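In structure tokens below, several structures.
Next, two complexes with subunit A in common: one pairs it with subunit B, the other with subunit C.
And then the complex of A and B:
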């Protein structure tokens, strides 16, 4: 079930909410948690019930293992050491991810290298596998490290499967989630949270339906016609995807945060105006923040700790390796690896600059950062590396075509290879693409982000009029709903 | 304002707006998605569609057809009155502009699964076999899946500003007609009706009758436009010049042939005629080998009547509206050939029967 669907907004969410708080009002706490789990499982199964056993087995296995790790007592009678127990858990979790997500990638590369003909498995990627696997790996590691105190099975299950964050994050940490599920303060309807939740949910819905979906059509057409784009079309296509990605993913996160707030659960912030970043380090502190924290805690730090002596060079190696893995986590394809590696290299360069205390003009720094993000996202979007190169090539060497109407004023540019005609033919012949791009730049640079707005939110007739307008506009454009980009990861 | 009041006001206002919108759209039913007859004496025309494919689908479904015409706009433009002479039982023209073989075969399978279909006329276009030709964005696999619970069209038809605007437009159109019928004298009625007829009398297939009286100059302009637009939209892809590229779509056609055989459904397959300039175009852009292979391989799958040749009709460019769509006034020739009507004088070389080669 999609957040941006009528059945979610008008049926699933209200029913889940009403029954949950009815049960809590009757002090049926276990039943209310059971209801939350049931509704989350229903939400998950809406797409494909076939993968329901997989997530249930994964939860049961990881919960049992983590319980063993928490209660593990070192003595001679143990058949297996605590460290080995953790390793088994990690290997099984990662194997599950590799099997479903990366098997075909490995097979096709093996076929390419060894000229073999091993058949591809064509497995459908179970929804949310990347997210629930990461969260449970973190829980296992922390159980091993002795950092886990909560071990209630219902709370653990809700932590993994709570529907607002289940499909595409934010990637939540047990330490910030499980206490919220077990807190009695959260079992009472809180109208401050409800109004704030409705507020941020409406903003997210608007971002997704009105802004991201408009950019999606131009980005999709542009990348489909990658070989024939002119220079302006290539830039419009890549910028459309860059904006689509932000408004889509941050819109989803806003809706997740809003839906969770209705249940008095505070999900972590995932975006903090990332396109205002003036450096790539700054960017990763603002973009998909929960993934950055996860990668830093559970990938970067262990790599660094594996060295006997930490040096700057080794830290940079760990940075690059972490971003390489982050790229691979996003998808089984060379384009994702290239994307992750480019960001790894950029982070290393940025760290070098910081170490040498090189200062740059802020506007220039923003310009370089934004364009770097824009260019690297081409690899993220493209289905093949050659398609990415076609878009990139046309962004540099594509034909310069300007509007017919400019012919009389700018005809002196014709000898320099400038043509006059229809500019956006290959991305839908919509001049409004340009208008949308300008508006998007204004929104990302001049406006406060949804978290900042929610923090300052106060119930008033103005805020009511504001979100009611956003909500009704978004709802009336919902009919052609589309999936969120991060559902594919 | 208190948070409790804020939340309650927001939820109630949203529900009131949504419920009003859905009720209004349900009763006006601009896309004919709901099978009801409320206000049928007031709302008689519904000309503001969300997509041709959607309205056509529900119109067909609610008619419970027994005979079908399947094809693209080349079939859609031909008046349904002609095939009705030969297939009088609940005939429906399910044409889809630019329909791919994928779309057509899914639709045929759905109609066969859901209704008691006895006879089908299937018009095949060469370009529909291009494997890289994308399905229309308004085509939905779920809509034509007999086992799926499909709700997207109902959502679209109930909610959304576009649907509401279309409901308002539909209401306005019908109010105009209502006024015309009730507030004018008999003389005014006749005059207005004549005026209206001149503008809107259709062939029962969505195409204006004025296309039959199109001037030769206009045909020249349209043909020139089509010769640029058509190859860009339908033919210029990376693999279509390889004759083997049509195989995947031929397999889909074969599947339909087998289903029809199994279900004892009479199937008439034909290749739609295009003008000489279009036949030359295939050669000019390197598709001749694929074109030849298309006909040859099609004969391995089924018998068919081949109108897509250089013949007395296709040699004359003014027999077509734009080089690729036969004039509706000549549609009778195709059906007369398909149904072996000896009372009609058909040029001998128009429509050659190709027997299936085993």
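And then the complex of A and C:
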């Protein structure tokens, strides 16, 4: 079930909310938790019930394993050491992810290298597997390191499966979530949270339906016609995707945060105006923050700490390796690996820069950062590397075509290869694209982000009218129910 | 070990890692106050604190060591165990 669908907004969300607080008001705490689990499983199964057993087995397995890790007694006679136990857990979780997500990628690359003909498995990616695997890996490692005390199974299950964050994050950490689920204070309806929740949910819905879905058409057409784009079209297509990505993913996250807030649960912030970043280090502290924190804590740090003496060079190696893995985590494809590697290299350069204490003009720094993000997202979006190169190539050497109406004023440019005609033919023939791109730039640079707005939110006549307007506009455009980009990861 | 002793030793570690003998720290000093307190130096700090006091931090704890005070409090908590 998508957040941007009638059945979610008008049926699923209200029903799960009303019954949950009916049960808590009758002090049926266990039943209310059971209800939250049931509704989350229902939400998950709406797409494809076939993978329901998989997520349930994963939860049961990881919970039992973490229990063994927590209760492990060193002096007892054990068949297996504590460290081995953790390794088994990590290997099984990662193997599950590799099997469903990467097998066909490995097979097709093997076929390519050895000219073999191993047939592909064509497995459908189990929804949310990339996200619940990470969350449970963190839980296992923390159990091993003694940071987890005996936990309630219901709270653990809700932590993994709570529907607002289940499909595409924010990647939550048990230490910040499980106390919220076990707290009695959160069992009473809180009108301040409800109004703030509806506020950020409406912003997210608007971002997704009104902004991201508009950019999506132009980005999709542009990448389909990658070979024939003129210069302006190529730029418009890549910028469209860059804006689609932000408004789609952060819109989804806003809706997740809003839906969770109705239940008095605070999900962590995932975006902090990333396109205002003035460096790549800065960018990753603002973009998909919960992934950055996870990668830093559970990938970068262990790699670095495995060295006996830590030097700058080794830290840069760990940085690159972490971004490479992050790229691979996003998807089984060379384009994601290229994207991750480019960001890895950029982070290394940025760190060198910082180490030498070189200062750069803020506007220039923003310009370089934004364009780097925009160009690397071409690899992220493209289905093949050659498609990415075509878009990129046309952004540099494509034909320069300007609007008809400029012909009389700028005709002196004709000898320099400038043509006049219809500009955006290959991405949908809509001059609207240009207007949207300009508006999007204004929004990302001049406006406060949804988290800043929600923090200062106070229920009043004006704010309610504001929520209502955003909501109605978004609902009226809700027709094609497009999926969120991050559901594929 | 008193909190003052832990603080003094931690202060020396900071001077050493950031290569600045005149560096002053308080409980609320954080990465915003020291330019070169990045993820690399954060791990250097943690490693030095571990070595100095003979304690061990878990991966899941490193993100919470946002300022000097948090670092000292967790060190003391581990020393008293």
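By our rule, the second predicted complex is superposed on the first by the 487 of 489 C-alpha atoms of A that agree within 3 Å, B and C clash if a C-alpha of one lies under 4 Å from a C-alpha of the other, contacts with A are read in each partner's own complex, and residues count from 1 in each chain.
Here is the rule we use: a residue touches a chain if its C-beta (ideal position, glycine included) is under 8 Å from a C-beta of that chain, and two chains touch if they have at least 3 such contacts.
All values derive from a computational prediction rather than experimental measurement.
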Thinking of the overlay built on chain A, is A:194 touched by subunit B (first), by subunit C (second), by both, or by neither?
first
If you stack the two complexes on chain A, which partner ends up touching A:186: first (subunit B), second (subunit C), both, or neither?
neither
For A:468, decide between first (touching subunit B), second (touching subunit C), both and neither.
first
Applying the touch criterion given at the start, work out whether A:10 contacts subunit B, subunit C, both or neither, answering first, second, both or neither.
first
Identify the partner contact of A:45: answer first if only subunit B is touched, second if only subunit C is, both if each is, neither if none is.
neither
Would you check which partner chain A:393 touches, where first means subunit B only, second means subunit C only, and both and neither mean what they say?
neither
Scan A:478 for contacts with subunit B and subunit C and give back first, second, both or neither.
first
Mind pulling up the subunit A residues that touch subunit C in the complex?
138, 141-142, 145-147, 173, 175, 281, 293, 296-298, 300-302, 304-305, 310, 312, 315, 351, 354-355, 357
What does subunit A use to touch subunit B in their complex?
6-7, 10, 191-192, 194-195, 198, 459-461, 463-464, 467-468, 471-473, 475-480
Contacts from subunit C onto subunit A in the complex sit at residues 35-36, 38-40, 43-44, 47, 58-63
Give every residue of subunit B touching subunit A within the complex, in rising order.
1-7, 9-11, 13-14, 17-18, 21, 151-152, 155-156, 159-164
